[in-house]
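Scrolling down, you'll hit the structures one after another.
Heads up, the next two complexes both have chain A, just with different partners, chain B and then chain C.
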Partner chain A sequence: MIVPEVVPAITVSLFLPALYVGLLVGFIALLGISFQKKDLHALILTDIVGVGMLIIVAAVGTDLAEALILPGLVVQLAEIMAISEILMSREMRKTGKKVSFMPMPLKMNMEILKTAPNFLSLVLIVYGIFLTGFTGGAVAGVGILFYALSRKSRGLPFKLWEGVSGISGVAWCIWLAGFLILFVTPEIWLLGLLMSSFGILLKVASKMGLIGVLGREEIKRD
Partner chain B sequence: MDIATLGGQLLGQIPLGDIVLYLTPFNLFMFVGALIFTTLIAISRTETQVEAEFGSLNDNEVKVGLKEFKIRRFLAVVCGLATAGAMITGDVFNFTLLVALIGILNIGIVSAVKQIDVLNAAFQYGLIAMIASLPLFGGAAIILASTGTLSILEIAQLSFTTPMMFFASLLLILGIAGETGIAPFYATKAEMFRTPGSPFIIIIHLSSLLVIVRAIEILLIINKPF
Partner chain C sequence: MLEMQIWFYTGCALVILGTIGTVIGPGVKDPIVRILNTEIPAVGVSLIFLSYNHVLALLTFIAATVIITLILLRAVVRLEEMGAEV
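And then the complex of A and B:
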């Protein structure tokens, strides 16, 4: 028997209904896409197919399935970002107009946007470093994103942004090396753990910087 | 079906924790082939498309700019490495992940072009690739649910096949077909090859070809039809 004895029968019996629900969600989304004529709506409806995929993977409910869910989610996110970039650049080429990376409805030139961001983002980043790991990275990333959004009206320092993306790459390598240490030489697990936890802190925190660099000419204006 | 029957003599295994790679002449040949092609791409320059101008005797050259060239070469090299990884991996999960990566990179290679119709085709191909991630990961998940493992070596030693495993491999081949854009979905991908910058475009072809050959091996191992 594949399923261990400790798993209750009702949990095992839930697998097939969950599988059907996942396939049904995918089918409904495909129907929606087939009725749709606008490209943007088709793109948004395609995301529902991804939800169906997550339901099917989650229905398995083991730790290996959990290892499948996270990459599935990331792949889905990466694909929807890539395709929406293609859609935007196609529309920009069609109409000949440029669109800013983070559009704002009105030109805000307020005192608070010059003084507050430095302090608030510093608080968030320090708190994020104190938390460490994935959560800390997310908190620090919010701090950096907040800084970028509020400084946007005055133009972002492009050189600094490239540096942030460089840090992100190095941090990713540290994270990978930490994991490699855990697998290859388990005796020094503490070093591996610290390397991977601080690596992912820097990585997640600087993710927003990466999005910023991939963003367009708006940011290059120094 | 036995691994040795399909891929020739089992030359060895590389155990990395619970991820075990296995080496057969079949795997190694495709792995090295993908790597050689990736090296060729990394050192080559792009083509320049020459179009005859209408109403005059001049030619119109479509060139690829340096910045676009660099990005495209990087993406093509990563695509080649992902293909090589998909050839050598001994794990259904890693295989699906690398196939999904190849799908994203294929979109990325053509995403920086200026031709509107190529961007249109890339958008359609992207939609198909995204939809195909449901059968791809869903198939891998159902294989995990029906066999209890994702390692191909373990699956090859199972003595039984269930209808659920057959269903899962149907989903898997559907997902791979959509993600790499082969026959039923080829119409979405065909227009993408009209963009200039030839050696990088060929990796899109080569990756889908090699991935399909490897996918057939994996499906034969899972289903044991003979």
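And then the complex of A and C:
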């Protein structure tokens, strides 16, 4: 038997329908992309192909599925962000027009954006460090991002952002070493667990350095 | 108490209908309509995650969908400001 005993029967019974739905959705979306001539529409349909991928991964139905969905989502997000930037910069080069970096329907000139960020981002970062792991990294990253976005007018410390990107790489190595310890010497599992959880915390939180790099590009343009 | 399969198959139906709607639905020549149509498969996937008890994946998926919608809307608005064919 390929399926282990721990998988509940209902998950096994739902595997084939979920697989077929995922394949069907992916097929329809890819067909739509192949008939599409405009790049932006193809990019939107890529989102739907990601949905098909998520259903197939979710059909595995155990903690393994959850562990595989999270990186899938992050990769999809990064991919759509990168391709939309490429589309916009290509069009900008073609027409030679300059447009606002972040088009907003309202003037975001509120008093709370000047006074609140220090406290709110501190709360978010402390709570994120308390949580640790992937979720904690996301919470702390939102705190950093909120601080960076609301303080955009005063200019970001770019040297600091480059350092943050470096920390991201080092944290990735700590995460991998923690996993290696779990498998190679299981006696010191606590050390491995803490290394990997704090490594992924730093890694996810410092991913927001990407936004800082985008901000730098914008200020160079001005 | 409703059976768990009801939520699963409702999610599957929403995903398939939403995908067809996004690809060949009415008014999809407008990119904003197409972006709004992608929300229907997103709700379907949320139901499927819910029926499998993938809480963490569900929360991350909701956050990622919101961010993806914002990114796509920003791309549409900027491309239209440049006067490009969208």
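Assume the second predicted complex is superposed on the first by the 157 of 222 C-alpha atoms of A that agree within 3 Å, B and C clash if a C-alpha of one lies under 4 Å from a C-alpha of the other, contacts with A are read in each partner's own complex, and residues count from 1 in each chain.
Keep this in mind: a residue touches a chain if its C-beta (ideal position, glycine included) is under 8 Å from a C-beta of that chain, and two chains touch if they have at least 3 such contacts.
Since we're looking at a predicted model, the values are computed, not measured.
By the document's definition of touching, of the two partners only chain C reaches A:Ala18; chain B does not. In the superposition on chain A, contact of A:Leu176 is made with neither chain B nor chain C. Of the two partner chains placed around the shared chain by superposition, chain B and chain C are both touched by A:Gln76. Of the two partner chains, chain B and chain C are each touched by A:Leu43. When the shared chain is aligned, chain C comes close enough to touch A:Ile28, but chain B does not.
In the superposed model, A:Thr95 lies in contact with chain C only, and not with chain B. Of the two partner chains placed around the shared chain by superposition, chain B and chain C are both touched by A:Ala65.
In the superposed model, A:Met53 makes contact with chain B only, not with chain C. When the two structures are aligned on the shared chain, A:Ile2 is found in touch with chain B, with no touch to chain C.
Common to the chain B and chain C interfaces on chain A are residues 43, 47, 52, 65, 76, 80, 87, 94. Of all residues in chain C, those touching chain A in their complex are 4-5, 8-9, 12, 15-16, 19-20, 22-24, 28, 31, 34-35, 38, 41-42, 44-45, 48-49, 51-52, 54, 56-57, 60-61, 63-64, 67-68, 71-72, 74-79, 81-86.
Chain B meets chain A in the complex at residues 16-17, 93, 97, 100-101, 103-104, 107-108, 111, 114, 116, 119-120, 122-123, 126-127, 129-131, 133-134, 136-138, 140-142, 144-148, 150. Interface residues of chain A facing chain C in the complex, by the touch rule stated above, are 10-11, 14, 17-18, 21, 24-25, 28-29, 31-32, 38, 40-41, 43-45, 47-48, 51-52, 54-55, 58, 61, 65-66, 69-70, 73-74, 76-77, 80-81, 84, 87-88, 91-92, 94-95, 97, 99-100, 102-103, 134-135, 138.
The touching residues of chain A, counted against chain B in their complex, run 2, 15, 19, 22-23, 26, 30, 33, 39, 42-43, 46-47, 49-50, 52-53, 56-57, 59-60, 62, 64-65, 67-68, 71-72, 75-76, 78-80, 82-83, 85-87, 89-90, 93-94, 183.
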